[in-house]
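Going by the order they are written in, the chains are A, B, C and D; count residues from 1 in each one.
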Amino acid sequence: MNKAPHSGSSVLKSVSIVGGSGYVGGEVLRLLLFHPKVKVAQVTSASQVGRFVHATHPNLRSVTDLQYCHPETLVPVDILFLCQSHGDSAKKIEDYAQKANWIIDCSADFRLRRTEDYLTWYQAIHPNPDWLNRFVYGLPERHRSELRQAVYASGVGCNATAVILAIAPLADAGLLEKVVADVKVGSSEAGAKPSEGSHHPERSHCVRSFMPTGHRHQSEIRQELGTAFTLHFSVTSVELVRGVLATAHCFLKEKMEERDLWKLYRRAYGEEPFIRLVKQKTGIFRYPEPKLLAGSNFCDIGFEIDTASNRLVVLSALDNLMKGAAGSAVQCMNLMNGWDEATSLTFPGLHPI
Amino acid sequence: MNKAPHSGSSVLKSVSIVGGSGYVGGEVLRLLLFHPKVKVAQVTSASQVGRFVHATHPNLRSVTDLQYCHPETLVPVDILFLCQSHGDSAKKIEDYAQKANWIIDCSADFRLRRTEDYLTWYQAIHPNPDWLNRFVYGLPERHRSELRQAVYASGVGCNATAVILAIAPLADAGLLEKVVADVKVGSSEAGAKPSEGSHHPERSHCVRSFMPTGHRHQSEIRQELGTAFTLHFSVTSVELVRGVLATAHCFLKEKMEERDLWKLYRRAYGEEPFIRLVKQKTGIFRYPEPKLLAGSNFCDIGFEIDTASNRLVVLSALDNLMKGAAGSAVQCMNLMNGWDEATSLTFPGLHPI
Amino acid sequence: MNKAPHSGSSVLKSVSIVGGSGYVGGEVLRLLLFHPKVKVAQVTSASQVGRFVHATHPNLRSVTDLQYCHPETLVPVDILFLCQSHGDSAKKIEDYAQKANWIIDCSADFRLRRTEDYLTWYQAIHPNPDWLNRFVYGLPERHRSELRQAVYASGVGCNATAVILAIAPLADAGLLEKVVADVKVGSSEAGAKPSEGSHHPERSHCVRSFMPTGHRHQSEIRQELGTAFTLHFSVTSVELVRGVLATAHCFLKEKMEERDLWKLYRRAYGEEPFIRLVKQKTGIFRYPEPKLLAGSNFCDIGFEIDTASNRLVVLSALDNLMKGAAGSAVQCMNLMNGWDEATSLTFPGLHPI
Amino acid sequence: MNKAPHSGSSVLKSVSIVGGSGYVGGEVLRLLLFHPKVKVAQVTSASQVGRFVHATHPNLRSVTDLQYCHPETLVPVDILFLCQSHGDSAKKIEDYAQKANWIIDCSADFRLRRTEDYLTWYQAIHPNPDWLNRFVYGLPERHRSELRQAVYASGVGCNATAVILAIAPLADAGLLEKVVADVKVGSSEAGAKPSEGSHHPERSHCVRSFMPTGHRHQSEIRQELGTAFTLHFSVTSVELVRGVLATAHCFLKEKMEERDLWKLYRRAYGEEPFIRLVKQKTGIFRYPEPKLLAGSNFCDIGFEIDTASNRLVVLSALDNLMKGAAGSAVQCMNLMNGWDEATSLTFPGLHPI
């Protein structure tokens, strides 16, 4: 068996994954198996008890012999990743808190701070509203110093992350008046469960207006970036498994020159380990391209000014299962434990792909 | 509404489709709606009663306002197409025969002549074995004269059709010793019902060894072409919605020159309206290519001799929903009614696609 | 050979295609070969002289035995389709006008009415500016009555057509304030010539910000719909060969209710043979989907109101080679000759695909 | 900049890449940049001099600031990777040998041992035939002990590797009588240069019989596995960027039971770090699947017995740019230098993808 390089060390922190058979759980597991500071203790799945984790995550064949255990058999560990369906973490958060010092919840259950937002966007009364403020929104680029002190971090919405990172420098500088965020997404966003909409003959090569209006992730964008600008948000499904491209059509309060924009974005992101500014004058890689980021934790950001008007088009790309989910979650774990933020996250993506 | 050109004529034959909500039923319906000799009376679907047929076949929006009716409400017509799951036609064939003079069954229920073959390949005892010999195997290229006299025609297996048409001239001439048929198929073969295997993130871009051995369609090939040669049959799923490419690696009893092969294939297929010999020395369209046949009723056939050995590679391509199912079924209807065989089947396919 | 049904008639109009080896030329040719009122005389291509037209358009194998001839050998005909690269028609329009009574030019050379627009958007001085006003913009939904009298019609820009048809009812009613048109396109838009950007390993599954700003087609939109609203236009390349989806984020001068929008769009398009309003509450076909339109001449249009704001999202889908090019061109020919507008254009598209 | 973890060490071996702008060069570079024992000195490209390597390999943005240098400026290093077009290495091998102690040539120039094979399969007289025997065929699974002593290693053919690894245990045991190897391949095999055949509208979703006969790689298979069995080899292009699936239809001299085959394959590959036996009774991951191996160095191997005959279907999958090229090359470097064979090669691939 092809062991991950770190296994066997004795000073590792123990970590378990609750709900590990989905796509996000699989990515968290992959990252943890190659992480030099942790050892995976358990991976739970009510439906897969006793099966090898590589039965559902075939890329992990020969990497690990772990088997799924029942959620009821969860034992205490240092760190817990919750990768369940929306709603499941919120109900049992008290129990989970008994089991681990650090919790990172990849669902939407602790992303929002206000109970009324759950009512509005998830049509549900949050079962543990007093826990909402114990969680830090798990986007390191926005909450790094809090995360360094945190024991509880939420996951992030993949589409929200793409839009937040695209326009945050403009929003923070008070420059935004209106944003039309037209987001293109791959099929893995909808998770591992087959549906009529994911049936290959129908989903293949579609350009499907999945949610032209009303997508939940705008609540996260609002929470992070405030209400000083109007936000319009649409999501279209395209032929791709992993990946998000956000095309943010931005209308600014004042005209910006290209070099000022460069300055603004470099100041915001120049030290970020996982944000790259991508903007070239020629060639086919002029702007961010999600397919190049499959498996990587990068969010690439570029922009173009529409010289005929005051529109600024900001483009951001990421892998929805990485920077948009498991990658950011592991980055949070690294920060929360004082480890190098990029640990286990340096895979640069493939080209061609 | 954009009416099909023939509607309104008074001397049309009436035709109904039983089980019309699947992919084959949808194609049969599309072809019939543009057929100048027939009028569609009913389309049944137990699960879709009352919905417009274009709710499941969105390409028929504005082409027809037909609504699904319950199978129990089926009224007598001239011609009946059965497009149900395997097993359903066989059980109720007596009833259907009361409803229509001509029946074309697209399922596998009446393709084979011997009850023991159903036991072997479909693991089921055929409920109406005495009906097996009343049906003609619905491949016009093999049974044209019988079909002209027939009132009952079976459908054809899409992969079987690709292989049969590829090697029939060799088999008929007694030249074949052994064939390894390596067949590549698209996702629509598996029908309209979602499954774990059809889930887009998994099915997308797969090169999946679907059935390396044991595929049922070899029983049809055997029945049509006899047992004078050994047949090896494997099916691999590739990224494609519609289409089959059969690569038939043929080992011959005697060495054949290229011009003799041309002669053999031209003699066999020179007059066929839906078979084209495709073999060019240069360019990217040298051999049959299934994607170019989407929506068309053509089966393209080409070949190449391995000069270093006695292998002959015969290639055949078709659209599994057309020549491999609905197209051949409508071609049978045309023959059975004495109409021009190509009626409603002249769409040549698209390029590029 | 599988003859197209109409061939052999004696009262057909003769038609030739100049520059027939490209994708648009191939589609025009396919449509004309099945058109009951015309006979194709010549197809020219400087680079393919003497080759069969099916060598470059393999879907036309067995449909026609036509061979490419040299542009210099063009003989007089009734109708001429010009399918050359931008710039070529404009230079020689006087010559072409000597050869035919009716000319339909699929390039951009006669789409715009003002020479300064050619300077701005095509960086070129138009060589025959006095000809610009002799051409009618070839979009039947906007210029039907002019086209019925016309002898010269221009082609249409595919992306422009998608946007124009999406928002024209709003623009005509004076309701529009601002539109952000975010257009997703397939690879056939760029034509038949390979390039670094069309290389499969790079183009496959890309979500490429092809022209976030500065796309030429906005000049056509402006010309057709006026300057009473601000227009922002971006084009993103997605994994698809044929197809355009325009997501038009519309900001209106006044709030509109859903039923008023239905009324507006039905009034505008209720009688149009090739426009369908697509908007369903449930299922996976709720909105226009370009892949379902491959090969068809339909433009499907739908919309959704963002109830949280005054945004209206209008969606339109079409096949860039059909309604966005060859299909509209043939529709123009039908109108210009007094034939049924839908002749040869009734193919409804395929499902699944 | 997101530095690779090893950079800065002082006891690293220096390594340069000649011809680094192609796909194989890019993969070698990616692997070396994350390799803890080496430091990349130069990457040459005659056409890209002065440009950043990430201009052509955009996944390496922020990973490295290396720029392409001219081949003439190549300085001596410890290790040289040659990633040029076929023919280029052979001409200048004397020069390269002056520059480095270890050479790994990824082209075909030193894969074959007999000059007549170059004449037969590459239609060229080898310019340095006396060098042919100084190279070891760079497939660790076949030549590990030689590679440990070697200073010169050749690359491997990607399709050849898939077939060799699939059937070697059978060939070595003298069990093979005849093999029909039907190989399905992605578009990156053809390299980074656009062509008519790689143009997206044409290459997309094709199932193209690229080389039904006559593919060069069979010479490598022959050389490795001998002539005791007859070999038939066909290559079909499918929709995929990276990946090879070999379906080896094997005809054996004697009947084999499943458990004997397991025993044979486990004995052959049980200790191999990059070969996994994949064969499950149920589910969608029953057999090797190339898309799951993108970026990984694994070759997955499975099989199925056709119980109705003496056919054995052996399936093998790999990433043509990794195990089929750059991955095996780096694995060779590791062996040649006495390093852990798996260094820098542990990425397990992604799921879903």
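FYI, a contact is a pair of C-beta atoms (placed from the backbone, for glycine too) under 8 Å apart; a residue touches a chain by one contact, two chains touch by 3 or more.
Please read all numbers here as calculations on a predicted model, not as lab measurements.
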Maximum centroid distance from chain A, chain identifier (CA atoms): B
Of B-D and A-D, whichever chain pair has more C-beta contact pairs: B-D
Chain C-chain D separation of Cα centroids, rounded to whole Å: 45
Whole-Å gap separating chain B and chain D, where each centre is the average of the chain's CA atoms: 40
Length of the line joining the C-alpha centres of chain A and chain D, rounded to whole Å: 34
Where chain B touches two or more other chains at once, by residue number: 23, 188, 192, 196, 201, 205, 239, 241, 283, 289, 352-353
Contact graph of the chains (line, ring, star, complete, other): complete
Touch list for chain A against partner chain B, complex: 23, 186-188, 192-196, 198-201, 203-205, 239, 241
Sites on chain A touched by chain C in the complex: 180, 182, 184, 196-197, 201-202, 205-209, 212-214, 230, 232, 234, 236, 238-240, 243, 245, 247, 249, 283-284, 286-291, 302, 304-309, 311, 313, 315, 317, 352-353
Residue ranges of chain A in contact with chain D within the complex: 2, 4-5, 23, 26, 30, 34, 55, 57-63, 188, 192, 241-242, 273-274, 276, 278, 280, 283, 285, 289, 292, 294-296, 298, 300, 342, 346-353
